[in-house]
Amino acid sequence: MKDTLILIECDDQVGLVALIAKIVAKHQLNITAMREFVDQTAARFFARIECKGDLPHPDMLKEELYDLLPSASRVLINPSTLKRIVVMVTKEHHCLADILVRDFFNTLGAKVDAVIGNYDDLRIFTEKFNVPYYFIDHYNQSKEDYEEEIAKVIDLYQPDYIILAKYMRILSPEMVERFQGKLINIHHSFLPAFVGANPYRQAFERGVKLIGATAHFVTDDLDEGPIIVQQTIPVNHTFNVIDKVKSGKEIEKAVLSKALQLLVEDRVFVSGNKTIVFE
Amino acid sequence: MKDTLILIECDDQVGLVALIAKIVAKHQLNITAMREFVDQTAARFFARIECKGDLPHPDMLKEELYDLLPSASRVLINPSTLKRIVVMVTKEHHCLADILVRDFFNTLGAKVDAVIGNYDDLRIFTEKFNVPYYFIDHYNQSKEDYEEEIAKVIDLYQPDYIILAKYMRILSPEMVERFQGKLINIHHSFLPAFVGANPYRQAFERGVKLIGATAHFVTDDLDEGPIIVQQTIPVNHTFNVIDKVKSGKEIEKAVLSKALQLLVEDRVFVSGNKTIVFE
Amino acid sequence: MKDTLILIECDDQVGLVALIAKIVAKHQLNITAMREFVDQTAARFFARIECKGDLPHPDMLKEELYDLLPSASRVLINPSTLKRIVVMVTKEHHCLADILVRDFFNTLGAKVDAVIGNYDDLRIFTEKFNVPYYFIDHYNQSKEDYEEEIAKVIDLYQPDYIILAKYMRILSPEMVERFQGKLINIHHSFLPAFVGANPYRQAFERGVKLIGATAHFVTDDLDEGPIIVQQTIPVNHTFNVIDKVKSGKEIEKAVLSKALQLLVEDRVFVSGNKTIVFE
Amino acid sequence: MKDTLILIECDDQVGLVALIAKIVAKHQLNITAMREFVDQTAARFFARIECKGDLPHPDMLKEELYDLLPSASRVLINPSTLKRIVVMVTKEHHCLADILVRDFFNTLGAKVDAVIGNYDDLRIFTEKFNVPYYFIDHYNQSKEDYEEEIAKVIDLYQPDYIILAKYMRILSPEMVERFQGKLINIHHSFLPAFVGANPYRQAFERGVKLIGATAHFVTDDLDEGPIIVQQTIPVNHTFNVIDKVKSGKEIEKAVLSKALQLLVEDRVFVSGNKTIVFE
């Protein structure tokens, strides 16, 4: 028997689980693992339903669900089992390399369609894995033209997600709007947060004992948007600024990798500026 | 509106979620957070359902569920909101103290009815919190008589759980049988496991870098039974045997505390020799 | 043979370790564990030296060291083996209770001389452990008078450290100056930091996945000063504001406990706004 | 000014630090970070000394130290700043890939000279990074001949360390003897340890909540020998055997990576069956 995955979100009302489960049962699917959560602030319903059973007519199930669910609903049945992603980079390799290696050995749970860099530094590494590398220079052209060039490459591949794997330029609100819900960013941070120039130096001078990293959806601001994963790594007084940067990269890599895993396994829903993560 | 919690386990079959959710909806309850899992090896179904809504007739809901669920089912509606526990100890205070302090400040999510010790060492501390302390001496009487005395105290309180908080004697199979599903134990362990006498010394000699602790239901063997929580704490070469014992106590305390929290929030189900923990 | 602990800090120069070790050897002490670190930004030398051997004349060793060390030096030989502390609280019990229990069972590595509260809420609990509780009301008197009253209690005990165990008032610069290097504070924080009112609500609305806690020396600002320990605890979308507060308390308790352990084992040095922690 | 690193181990005696530091000071080196530890069970002294200062005659310093240190001493001055390693593999790529990527971007702190596989599966990936791959088949020849072939390749490169990166065959005592102190292995484990066939299935059936990994020196038995690093990763009831294997690989990769970092930074000493790790 095959596995079927059903993802549902919609406005909340009494009886939704009964309604959904009845339709699912009608199709002879056995629910083996179900997570449901209502974001009560937003009165919004989210469910991730794993089933066993053959499903000859997924479209029929989908249609029946749409017919009965309340407004603003979204239903996915067996969402693309192999998500496709485009990775955007600048010069740092650590996150990209982790993604490309997992892609090469088919353990990413996704397929990397292309890498876009605003520098050419990571081309050689990327092409080792037979992944096309697009070097799009942000010099000598307007931001508008520059981003249009990027958008064209993305449109070419129609990816499920665009991973900003240490892409160090701020996307315009138009780009964020255009690829809404698909842009994932990773960045490090500290407790407390250090604003202004050179946060690593400030963190060094304060002697922080932790470096954190956050993977999140991109909204209008580079470091904001619904958080998917956060983790920290310990540092100590023997770490100079360079050592701290190195630790920061390790935790960025680990956190982005975990976020990607959750995304490709369809465990992440967005509700306002929060995520619901059915881990 | 009030919260209602429904716990269900039964043999698995197609359509269980639909069946359950339909009855729940009939009672005008809105499911706000639901976890469901089928242990496919055992063909056994588990669900934890949080709802919003007034429930004037919980017994009716319960009866309706029992009527329709397949064999070997167990249904709990709003299980005792304040679990009662009996704690068993020997001489070490670290786990007991954590429990008694939380109990005193009403943050345990349970009520400690009594403490039973096979030594009298922890009486003074226990009685500070107005909790009765039963010193039951294992010397000068048969194991049978000794355990019968313990069982009588337990029977007096009819607790939901009996916490072996560093109780250092092995319970007879009869005792385990008698209080099946209620006995919780905590113990430390290492990677690799060291069998035989004085595992801390062996761990020291091997230079382990981690000490772990495991909280679990007690079955017929003291250190076996379904695992509820496991965590580890780092140690290093500067730790002598005494330091390692100290770290072991810290992690035992933390793990037992977490296990108790999961138990009192009704997040733990047992399936064969495994637990399903809806964290 | 006994253990001797030597702590040294002074301005850095070539040959300091040789100079110190020569004197130590002259006294027939065998160095069993030594940590040395130079904060190169500050050109400041720090050492923690554990030795084996009888030391009939500790004062002579101390004098010899002071004679030879460069300016701004500080030498401690076997610093009070049982530090004494005063704890300041407001209404929250979690950090205080952990300290009092360890104190009661002599596992704190320090002795709690007194508890000062700006409310009377924690008196009953404190007095269970035969520790004096001073309720000093901040209403109906000037901040100056209020703090003078506190200072008098502290002066009465001359503690090694004053632990702000969720003491929720900001100390005046005069108080911080007066007890410089002795004031330890604990507070939670988030990634990113949320400024303004009700950070827990903001963290909830942003859906953070971690809550952190920081134990630090108090300088002129309540949440600044050299950091001793930082750790984080995971949270998820099912945690409401109350659950997040509860997790915040758990991690505050754990971090303050760890910081105290490092302090009483004389493992923490301050260099400017950083700490050197010889863990 | 340059950095100089001095590593010393020898039998313990009073005055060693003074003796060593005096010679170091004579060479006008300023000790900026020093770790010293005496394994009192073995009466063995270990020190790692970081200095600032030009050292025109490292051999003279070395000779002077050897002249004065007690028996069984080992002195290293600026040990090869770029360690060279040979990696041995079978079919699993996760540890190898992490090493090769770090090697490619010069962040390993070591140079990978060659990869030896008892299968040819990882050749294509390895050769992408211009690292020679030696496929040495263990079929159709005696274990003696097979290992002799491996030893010849290793001898060709004279590596500092031989990393068994999921090399799944047991080395003969002769091989372990021949490359003593250079062989590093990684393996997963559980709390409790599961002996016998298919530990992952046993761990699944028991419902463990953690998977650990251990990196260690190889002595006569594959999974024994001084432990360098141990860490764990959480798992839960939703993880089937395949998911657990996947988590096991992630933690093996992380732990081996950390162990390699400690080794190439010369932070690991061996004392009997333990390590001293100056982190």
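Here the chain labels run A, B, C and D in written order, and each chain numbers its own residues starting at 1.
In this section, a residue touches a chain if its C-beta (ideal position, glycine included) is under 8 Å from a C-beta of that chain, and two chains touch if they have at least 3 such contacts.
Keep in mind that what you see is a predicted model, and the values were worked out from it rather than measured.
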Do subunit C and subunit D, two copies of one chain sequence, contact each other through the same residue numbers, with over half in common, or through different ones? same
Identify, among A-D, B-D or C-D, the interface equivalent of A-C, where equivalent means over half of the contact pairs coincide by residue number. B-D
Centroid from C-alpha atoms only, then distance subunit B to subunit C, rounded to Å. What do you get? 35
Touching two or more other chains - residues of subunit A: 33, 37, 238
Quick one: which bits of subunit B touch subunit D in the complex? Just the residue numbers, please. 37, 39, 41, 189-193, 205-210, 212, 214, 223, 226-232, 236-238, 272-277, 279
Contacts from subunit B onto subunit A in the complex sit at residues 12-22, 24-25, 28-38, 40, 52-53
List the residues on subunit C that touch subunit B in their complex, please. 33, 93, 97-98, 101, 104-105, 107, 125, 128-129, 238, 246, 254
